[in-house]
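You will see two complexes here that share chain A, one where it goes with chain B and one where it goes with chain C.
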Partner chain A sequence: MKSFINKMREGIISENPVLALLLGICPLLAASTRLSDAVVMGMCAIVTTLFSALVIRFVKKKLPEKIKLLVCILFAVFIISIFELLLRAFLLPVSERIGMYLPLLSVTGIIFAKSIRFERVKKTSDALISALACGVGFFAVIFFMALVREVIGNGTFFGLRIFPEEYGMLVLTHPSGGLILLGVVIAVFRHFFGNPDKKEGAK
Partner chain B sequence: MSILGIISVALGALLSDNIVFAHYLGIAPFVSKTESLKSALVTGISITLMTGICTIATSILENLVLVPFDIIYLRSVAYVVVVAMSVTVLSAAFKKYAKRLKDIPLSLPLVFSNSAVLGVCLFAAKSGYNLLEAVFYGIFAGVGFTLSAMLFAAVRERLKYSKVPKFFEGIPIILITAGLISLAFMGFDGMKFI
Partner chain C sequence: MTDKKKVFLSPEKKKELLHTTLILAGILAVVSLALSGLNMLLRQSIDKAEMKPFVSAMSRICPAESYEETDYEHSDAGGVYALYKAYNGTELAGYCVETRANGINRDLRVAVGIDKDGKILKTEIISERERQSAGTKTTDEEFLSQFEGKSGEVTFVNGKASRESEIYDVVGSDISSPAVVDAVNRASLAVGNLREKEEKEAAEE
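== the complex of A and B ==
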């Protein structure tokens, strides 16, 4: 249990895929203008990361190095396609807004999986826990960004109006506001949890 | 298929629909490969090459296979296969035949991992471009990336000599600067080309 908590903390804070490793920025920024999009995208990220971790466990010995990455990406895209079709069936408006970015998530999702180096881990359960932590870390960041961007930028919370639209900070709902907000969030993160690439920054 | 349509697609991809500033594609190389004008140019050229070739491949696939057989729902899987294959073949070809251009093949795997190429192909399909428009869109999206990367490299030269608050050093200030440039690029939004 203790190792579970440690792993989760590692994935969410010290090895957060977005804030520490800078992965998956494109789907993160694209889906964080509304909370509903962000929740869907975060769920997709968690499921895809879990599945790609599993697949990497399965294929790590049986495939030549050259096509291993390709096979993993294909499998991730396969899972994402299921999500795409489900979204189109049940949540059409969300699918119209973020459907474009789901396949891109699969490409970065597999890189989440690669980046925490599941192949080094001995037990499958450990690899799954790190994958889950990685996905939850992505979910946390995207949810926070969407909260700020929707509430302050648009004046709504899950579509419920909090204050009139004219008082919203419109720039936050645009791409530029997303980039600036992400920069500020990373700076605040570094203030509290230290700079993950300090060694690189020194040289 | 009018010339005006093609010009509007190309200008849109270059300015108002710039892949970095309007669609967040390719942020990773945009942040990590723009320390100098030269590396920005090399990354831009390899991305342009890839987007050009991959949009040709994917729009042929779209028009000859996916639409006639009514299997549009396989689009993302098919595109990923085609794009990955093109990247692999191109980087192998470059390694063999163009030894003098050392920098370009090295950056090709990076190009695939950052979703810029796949994103451009998917956007071309979503906008319903025909083959010629898709090719122009692909090439000019790459040129737009090169333009923005080189602009940004020039800004970063200046950033090197300025005092930045401690926690903003590195990635955060780069993202904020990119956001400000993107704000400037929003000025092109009002331009409607036909």
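== the complex of A and C ==
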């Protein structure tokens, strides 16, 4: 249990895909203007990282070295495509808003970098916990970003109006505002949890 | 003349390459088959979900007892995605048209209700992904109500409208507002073409 908590903490905080490794920023910025979009994107990230970890563990000894990563990416695309079809059938407004950024998630650095990492881990359970933590880390950041951007920028919470639209900080709903907010979040994160680049250098 | 060196692959290398290619092709085939199967399974739900906003808008843009889809050919339609006839009993009440035009981020879906004489009854934006400032304000009643009662082609003007056929930009959006005007014009044109075609057919009979 203790090792599970430690691994989760490591994945969510010290190896957070967005705040520590700066991966998956494009889909993060695109889908963090509304909380509903952020939840869907975050869930997709969790399922995709978990699935790609499982696939890379399964094909570890069965496939030639050259195509392991290719197969892993292919399966990530497969999962995202399933999500995309399900969203179009049952949650069309969210699908229309997220648009091309959902397929983009399957080829972000999160899947590339983490797939290599999952392959090197000895136990399958460790790889799965690490994948779950990575997905949860992405989910946490995109949810927080969407919370700030939707509530302060647009004056709504999950689409419910909290205060009049004209009092909202409109710049937060634009890509530039999202980038500025992400910069602030990364700066605050690194102030409290340290700079992963410096830690790497020290090692 | 330059000598070209021919590169030969060893039999082991060839075998390895073939093996790798076959594995990748096999996985790709399985994944593609699974996805196309799922697509076929969900096709009806996807089509239904895509039509839902327009179907629910029909009773608002052209209230009637029943609606019937026309066989308007989409290849000639130029941005017209659906055209329904509205009936009160057996009498034609008007037309409901869904058109799409290029917005800032993606297509703007516009539903236009037109009466049997070709006059616009009501216009609604059923889906948009414009910027949250001027672009999203094209859904405002102040802008959309300008189309009501107009027939034929309308033109977009930046300042105040001086003619009956002009629509002015009340929201300050250089891209979204002309896109809506363009979509409404396409709807009027589609209904005009359909009426012309039907009148010709009736005359021939």
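Everything below uses one rule, namely that the second predicted complex is superposed on the first by the 192 of 203 C-alpha atoms of A that agree within 3 Å, B and C clash if a C-alpha of one lies under 4 Å from a C-alpha of the other, contacts with A are read in each partner's own complex, and residues count from 1 in each chain.
By our rule, a contact is a pair of C-beta atoms (placed from the backbone, for glycine too) under 8 Å apart; a residue touches a chain by one contact, two chains touch by 3 or more.
Values in this document were obtained by computation on a predicted structure and should not be read as measured data.
Participant: I'd like to know which partner A:F78 touches here: chain B for first, chain C for second, both or neither.
Facilitator: Both partners, chain B and chain C.
Participant: Of chain B and chain C, which one contacts the greater number of residues in chain A?
Facilitator: If we count touched residues of chain A for both partners, the winner is B.
Participant: Output check: A:F90 vs chain B and chain C. Expected answer is one of first, second, both, neither. What do you get?
Facilitator: second
Participant: Examine A:L63 and indicate which partner it touches, taking first as chain B and second as chain C; both and neither are also allowed.
Facilitator: The second partner, chain C, only.
Participant: On the A-aligned overlay, A:L29 touches which partner chain: chain B = first, chain C = second, or both, or neither?
Facilitator: first
Participant: Touch check for A:H174: first (chain B), second (chain C), both, or neither?
Facilitator: It touches chain B and chain C both.
Participant: May I ask you to decide whether A:N154 touches chain B, chain C, both, or neither, giving the answer as first, second, both or neither?
Facilitator: Second partner only, chain C.
Participant: Looking at the overlay, does A:A146 come into contact with chain B only (first), chain C only (second), both, or neither?
Facilitator: Neither partner.
Participant: Between chain B (first) and chain C (second), which, if any, makes contact with A:L132: first, second, both or neither?
Facilitator: Neither chain B nor chain C is touched by A:L132.
Participant: Do chain B and chain C land on any of the same chain A residues, and which?
Facilitator: The answer is residues 70, 74, 77-78, 81, 85, 174 of chain A.
Participant: Along chain C, where are the residues that touch chain A in the complex?
Facilitator: Within the complex, chain C contacts chain A at residues 16, 19-20, 23-24, 27-28, 31, 34-35, 38-39, 42, 45-46, 49-50, 52, 105-106, 127, 129, 131-133.
Participant: Please give the residue numbers of chain B that touch chain A in the complex, ascending.
Facilitator: 21-28, 31, 73-74, 76-77, 79-81, 84, 88, 112-115, 118-119, 122-123, 126, 165, 167-176, 178-180, 182-183, 185-186
Participant: Please output the residues of chain A touching chain B within their complex, sorted ascending.
Facilitator: It comes out as residues 22-23, 25-26, 29-30, 70, 73-74, 77-78, 80-81, 84-85, 100-104, 106-108, 111, 171, 174-184, 186-188, 190-191, 195, 197, 201.
Participant: Can you tell me which positions in chain A touch chain C when the two form their complex?
Facilitator: Per the touch definition, chain A meets chain C at residues 33, 63-64, 66-67, 70-71, 74-75, 77-78, 81-82, 85-86, 88-90, 92-93, 96-97, 99, 154, 170, 173-174.
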